[in-house]
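See the structures that follow.
Here come two complexes built around subunit A, the first alongside subunit B, the second alongside subunit C.
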Partner chain A sequence: MSSSVEKEWLWFADQSLFSVREMGEVTYIYSLRSGNTHVFNAVSMAMLQYFVAAPRGVDELIAHFPDLMGVTREECPRGVIRRIFGELDDAGLVQPVEKRA
Partner chain B sequence: MDKKSNQTHDFLERRRQLLKMGAAGMPMILTLKASANQSVHSALDCSFKITSAVNLLVNHEGKVWVGDGSIRQHSDGRLNTADIASFKSDADFAFPSGSAPDGYVPSECPDDGCSGGGGDGDWDDDDWYFGGSGKDLLEQLEESGSVVAFTNNKNKNKNKGGGSGGDDDDDDCGSGGSHGDDDDDYWDDDDGGSSSSGSEWTDCGYNFYQISANTTITPLEYMNSSGDWQISGTKGLYIVLGAKYLDYYGNDGGFPGISCLHSILTYLETA
Partner chain C sequence: MTAVRVGTLATRRVGAALAAGRLNLHLGPFSTALQSHSAKVTRYFCDLYRDCLVTLNEDEIVDYTLRVGAPNLLRRFVRPQIVPDPGFHFPALPLPAHMAPLALEMGMNLTAALQCFRFVMFHAGVVAKNDNAVMIAAHSGGGKSTLTAAMMEAGYRLLSDEFAILHRSRPVLQPYPRPVSLKNASIDVVQAFAGNDAVSTRLEGTPKGTIAYRRARRADVEAMNQVAVPKLLIFPHFTDGRQPGVTQVEPADAAMRLVAGSPNYQVVGEAAFESTMAMFDSLACYEISYGNTEDSVRLVEDLFQETGA
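Showing the complex of A and B:
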């Protein structure tokens, strides 16, 4: 999905569509829709939770994620954030819910 | 405060490392695909390695102590009572009565003899244990008769020597003895029914199981094509205890292999 499209939408992770099991340093997300189980680490889990809390845009994610991780922007570059978001999207765990006003 | 600060620092370092790996192209999400063509889900395929030796002591009530301590064995298979007491007091994990399936539980020592081992009346409220009774895996085992089958199999071995199963009526002192990984029996073929009353050695009241370092356990091997558990051997006991741990304590990563077991049991619950 192109960045221009991403910016137009807010994205939301509906936690009623998956079950969560924390197991040590990883978290297993079982998707009720796909039947797939996804293994998350601390970073990807934080990103998923970011979209569980409220519908948000990718540009907001890019702005906030380094602070959320407690690291500098140099340590958490835009491209990495965008790629991890792409993994979330590919897994079908975030959905576009509404266009930005 | 320092501990909390250290934990925060550790979490931060972990996130940094993960982000570096992410920058290097490593996926941050791994997906286990479900497939209708698989009789068993890929989440069941996991296995884990016991990196250091783990020993398990089971008493006649099905209580289990798990630790890395050793228990000396007499040449006839009897266990050293002082070592039993030490093992129990130094155990890393302790599970309450009924934790071990019947097939692993030795007979109680008769009152008039075979009283070695110090009993087990030292179960204190402040001991770290998991209360309540089992469910799921153990229930399934009982219903399927897998435990019974295992009991019979083990009795064939136990009747050779110092140990015996719960239904061995002509055994002088019940069971006792050590069980290595899988089929490695430690006891000899000579008569093992000797009494140990007042002795530093006992051949009843306890079964001792050993898992050597670097042993790999694949839970899938203990499940048949119908998805029913078929528990046997020392590794099977370890799997049962892992399930107990999860039931009562959840997955805190403290019990080796617990994540693998958790993924399996979680899958079975949601399937």
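Showing the complex of A and C:
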């Protein structure tokens, strides 16, 4: 996915489309759309919840995610954030819902 | 027709019913219509399934059908071969006719593994004591069946050698007590403690080496509708002469390993996810390594006690 596409859209994670179960330090996500079960660590889970809360842009995510995780930008570089976001998208857990105004 | 135990029927009558395709096996949650002209299938079935219930009725509605026979007419007579036909296309290399019991058991596995959607199926042996279950999961040849058979001798009832059958709506396991598949050196081991009568004739030269089957006991079959609560999940590792050892496995890791070995988890879908996760809420998971059967039984017994079951 190109970064321009990411920037044009607001993204949302519809929690009616997946089931969540915590087990120890990981969280299991069952996607009703794909039928796949995913194992998430705390970082991936935090990002998913970020998009559950409201439709948001990837630029916002990159700007806010280090603070959300309580780490510095050096510890949470843009490339890592984009990669994890890409994994959520590949898993069908986030969807573009509306174009930015 | 009322169900009767195979052992109460004359072999000739069982053979005729099998040939006519009107022998229905009622075992655990499944009924299977069996058809075969093979005398070897008849003899094996009368011996290893003697405590199981069957009906002789071609009009009965059953869950599955399984034909075990020659792949074509010619192969009934020319270098005879046999192959399981579960009623749907499944690539299977025909076996020499003397391996008929293997074809039957392979076919029984196929029918349940690929057509069952009422339960969540995992590839694991299951035994239970006081309705608390131990699941034994390993790849083929990893020691699952030997340990399952050994636990039977240690006072556990057999639920299944091949499938942990999990209810969709609650985390309990359903028995399906078919013969335990033994391979190569494990045949002598199990025969030594279970006795000659408990183990079938050996099949030499199969794709998995020498194979024999340990019969489910009458008590195992009689308890075929008695569910058990999974308490312990074991991943066994046998290495000849190895000192016994135990390693705890994170439930999250164990769950993924178990799911990877399920033939129907993806198809059953969300119910499989919910039921599997609920099962892991109260499941202790361990890898055990050992170099002999006595050590493996002792390790499992100790871990089972620790669960408070």
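One rule holds for everything that comes next: the second predicted complex is superposed on the first by the 101 of 101 C-alpha atoms of A that agree within 3 Å, B and C clash if a C-alpha of one lies under 4 Å from a C-alpha of the other, contacts with A are read in each partner's own complex, and residues count from 1 in each chain.
Heads up, the rule we're going with is that a residue touches a chain if its C-beta (ideal position, glycine included) is under 8 Å from a C-beta of that chain, and two chains touch if they have at least 3 such contacts.
Bear in mind that the values here come from a model prediction, so they are computed numbers and not experimental data.
Novice: Should the superposition on subunit A be reported as showing a clash between subunit B and subunit C, or a fit?
Specialist: clash
Novice: Touching A:T37 in the superposition: subunit B (first), subunit C (second), both, neither?
Specialist: both
Novice: Of the partners subunit B and subunit C, which touch A:V26 in the superposed model: first, second, both, neither?
Specialist: both
Novice: Contact-wise, after the overlay, does A:V71 reach subunit B, subunit C, both or neither (first, second, both, neither)?
Specialist: first
Novice: Which chain, subunit B or subunit C, ends up touching more residues of subunit A in the combined arrangement?
Specialist: With both complexes superposed on chain A, more residues of subunit A are touched by B.
Novice: Need the overlap of the two footprints on subunit A, from subunit B and from subunit C, as residue ranges.
Specialist: In subunit A, residues 19, 21, 23-26, 28, 30, 35-37, 39 are touched by subunit B and also by subunit C.
Novice: Can you list the subunit A residues touching subunit B in their complex?
Specialist: 19, 21-26, 28, 30, 34-44, 46-47, 69-71, 75-77, 79-80, 83-84, 87-88, 91
Novice: What does subunit A use to touch subunit C in their complex?
Specialist: Subunit A residues touching subunit C: 19, 21, 23-26, 28, 30, 32, 35-37, 39.
Novice: Note which residues of subunit B are touching subunit A in the complex, please.
Specialist: Checking each residue of subunit B against subunit A gives 11-12, 14-16, 18-20, 22-23, 27-34, 41-43, 251-253, 258-259, 262-263, 266-267, 270.
Novice: Give every residue of subunit C touching subunit A within the complex, in rising order.
Specialist: Interface residues on subunit C, with respect to subunit A: 250-252, 255-256, 259, 265-267, 269-270, 273-274, 277, 280.
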